[in-house]
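Here it is: the structure, laid out below.
For reference, chains read A, B and C in written order, and residue numbers begin at 1 within each chain.
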Amino acid sequence: MSISILEVNDLKINYYTPNRVIKAVDGISFDIQSGERFGLVGESGSGKSTVAMAILGLIKQPGRVESGEIWFTNGNGGEEPLANTRVNIRSLSLEQIRRLRLAGVALVPQGAMNSLNPVKKIRAQMLDGMVDHGILLSGHEKDERIKELLESVGLRQEVANMYPHELSGGMKQRVAIAIAISLRPKLIIADEPTSALDVIVQRQVMETLFELQDRLQASVLMVGHDMGLMAQSVHRLGVMYAGKLVEVGEVTDIFGHPQDSYTQRLIASLPSLTRKSSLV
Amino acid sequence: MNEMRELNSPALLQTRGVTKVFGGGIGKSKTTAIENFTFTIEGEPPSITALVGESGSGKSTLAQLLLGLMTPTSGEVLYLGKSLDRMDASEKQQFRRDIQIIFQDPFDVYNPVYKVDHLLTVPIEKFHLASSKSERKQLMESALVAVGLDPQELLGRYPHQLSGGQRQRIAIARVLLIRPRMIIADEPVSMVDASLRASILANLQQLNRDFRISILYITHDLATAFQISTNIVVLYRGSVVEAGDITEVIQSPKHPYTQLLIDSIPKPNPSQKWGGGATLSRTSSAADPGQGCKFADRCPHVMQACRISRPPLFKTEEHRAVACFLYNDVPQIGLEDLDTIFVSRQTTDNG
Amino acid sequence: MVYDTSLASPLSGPAGRPPSIDHPLGTDQQGRDMLAALIVGTPLTLRIGFIAGIIGIAIGTMLAFISGYYRGPTDTVIRTIVDVGLTIPGFLILIIIAISIKGNMGVNQVALVVAATAWLWPARSMRSQVLSMRQRTYVQVAQLSGMSGLEIIFREMMPILMPFIAASLVGAISAAVLASIGLEALGLGAMDQPTLGMTIYWAIYNSALMHGSWWVWAPAIVVILILFLGLFLLSIGLDVVANPRLRRNQ
């Protein structure tokens, strides 16, 4: 049964600067089905990251969500207070949003190398999220859980006792993924999860993410600017430009016959590996 | 086929057995960034060669060594046959005039207390490129125009007032005024907006084509490397694993690492997905590679021989060399002759 | 308002008198007019601070650049000397130097004695600035443009470090003033000059505290406090100039 995990309806978000009002997100609508991978692609300033932040309830001054709805269905089946109900994220209280994060919607941030606490061991950081959500585990259960999570992202158990600086970029990113899925969220938002990573490591990290997503039967919202990465990663794609969604569709359709001129330009500007062309 | 090297015209830039090791202090682990690297850049005819590698491959360290900004732990870097650390002041000046660089970070090349003019006036002054103030002004303006910039708009401004693309172009204009024989471009477009990359790379092609300057294009981005280069050298953890005609290497890579690399590039074509079988690396890549082939523990074709010694370069085709025991049925080729497998033709439009 | 500064010498007036019309801040046990002493002494103390501070910064900066830019064995030697020098209590070193000087010291000699340790801290703090700047791309570009080491130091690095050097200078001056007052209060200063420190010395020597002659030592303390407050505010002001500049360099 395919249900909509996420439904964004006519979302509008503005940023208020001393000089003018910037329409960061100007009325976009899209939905993500359960088990689906949806990509939001655009250059910097297109508003894609703002959309992701809004879904996580993280828009703060000088930004403001002006109008629109963000419906989230958390089919967790667990004891979460919001399980199996459809809620409008915009209408939740701060406390409710906090509980939703990680357990319902999780974020794999850009540059996880910077979001990990440099003075805490990996193990402690992985447990933080769980403790925060009131999950109590005995010492033995904690070890088991950590081992399980690390294995699911292809890391050795020893990593738990290391500090972030002892790990490579790819490994840190995988730790970030492990933390993100620790409470089995239904929607994983990956915001440029592989920028600054080498091509081979990038592939490993993405393949890890897909595998996990399958296992958890979750959905992924992938935000980025790399069209090539989108082609390899997502089922459906939304192209954003200046706050608007200029094209949405199956990824094969979009690359096969792009309708919008901006999309066409984006695809055409990618350097090819098969044919040399005049660059000017 | 042995190339007889002319004894009276030494190569433009050469490295001989260059090794660079970092760390190794008390209690600190050593990292070998570059190992026993021997490489020759002829300079004639001027061509664009890509040096491709991921982080940890040693490509940036190599750039620093080639420019004399860093000294090797062992081995030497030679400019026109003369070792860099045995040059006198005037030879050093000539070296600096002949070999220049485009750095990755378009912002950090500028000293923030000075206007952007400073970037251009210093080499003019130090290399005596102009004999009067008006000549200097003319030189600067024509260099800026040649890279597609408007001198009136840019001269007199401070670096933070310009965009990344403009700053990088001025850096290219600087190189143009110096008229070196060779440029080392270290990731020149990775910190520039995607929409401007093609035009900045076009500027580099222009330098090669119209001003006959050789370019060593150092990058991790195979696609842009393919677009502007004729030849490629693939580095893995400080050693050459494959080299040759770039079109051939990209279309039919022979070294397992190159195959993995090309396979992992996210192609903007949903029907060409990543191939299966990427080995998840479980160990940190900083682990000491030991005696054998550095790629051994990630290689799907690893054999006994691979763990015992480092594979030499095998010349599998006229324009291809691969450092892998899978090809040990063809003749070997020494690192010092690597440049003989390069396609030597000047880059033209539409390759 | 002009005041007769010759009154700063001993026996200018009746000894030990509290403030009066003739001597607005009174006289000390040796007949010095205290107001005259302050008027003469404050600039002298400042002069010691300036001379020692400037010498300290000049030597410290020069060593920092040589050490930090050229690295190698010179750097190791300089760095070791600075590290050792900073570990030993500086004041102790100054006392030892001052004691070993035979004969009477003038104000300039006191300044030179204080300068002996004034360069240590600037050398270290400036060296770390140089080390981080050396790695910057614009320094590499300058090298590739044919600039020599000295040129790079003066044309590329110094201008950026100016605010930092200025702030360090104020710090060095304050430290020098404090050190000189300390030395003088122990009797290791210029004995025949009414510097602020010497005034304190004579106050202690003549047991002014016990005699209740507050006018002998209190005004000097107040002037010292105002001096330090002024230097402190100056360094805060310079910090504001220094930091945004450094922040923009990132």
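Quick note on the criterion: a contact is a pair of C-beta atoms (placed from the backbone, for glycine too) under 8 Å apart; a residue touches a chain by one contact, two chains touch by 3 or more.
Because the structure is a prediction, the values reported are computed rather than measured.
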{"item": "Overall pattern in which the protein chains touch one another (line/ring/star/complete/other)", "value": "line"}
{"item": "Longest centre-to-centre distance from subunit A, chain (CA-based)", "value": "C"}
{"item": "Highest-count interface - the chain pair sharing the most C-beta contacts", "value": "A-B"}
{"item": "Centroid spacing, where centroids are CA-atom means, of subunit B and subunit C in whole angstrom", "value": "52"}
{"item": "Centroid spacing, where centroids are CA-atom means, of subunit A and subunit B in whole angstrom", "value": "35"}
{"item": "Whole-Å separation of chain centres (CA-atom averages), subunit A against subunit C", "value": "58"}
{"item": "Touching residues on subunit B, where the partner in the complex is subunit C", "value": "67, 69, 93, 96-97, 100-101, 103, 105, 108-114, 119, 122-123, 126-127, 160"}
{"item": "Residue ranges of subunit C in contact with subunit B within the complex", "value": "136-138, 140-147, 156, 159-160, 248-249"}
{"item": "Touch list for subunit B against partner subunit A, complex", "value": "54-55, 193-195, 197-199, 201-202, 205, 220-224, 226-228, 247, 250-251, 260-262, 264-271, 273-274, 278, 280-282, 284-286, 349-351"}
{"item": "Complex contact set, residues of subunit A against subunit B", "value": "43-44, 154-156, 166-171, 198-204, 207-208, 225-233, 251-252, 255, 267, 269-274, 276-280"}
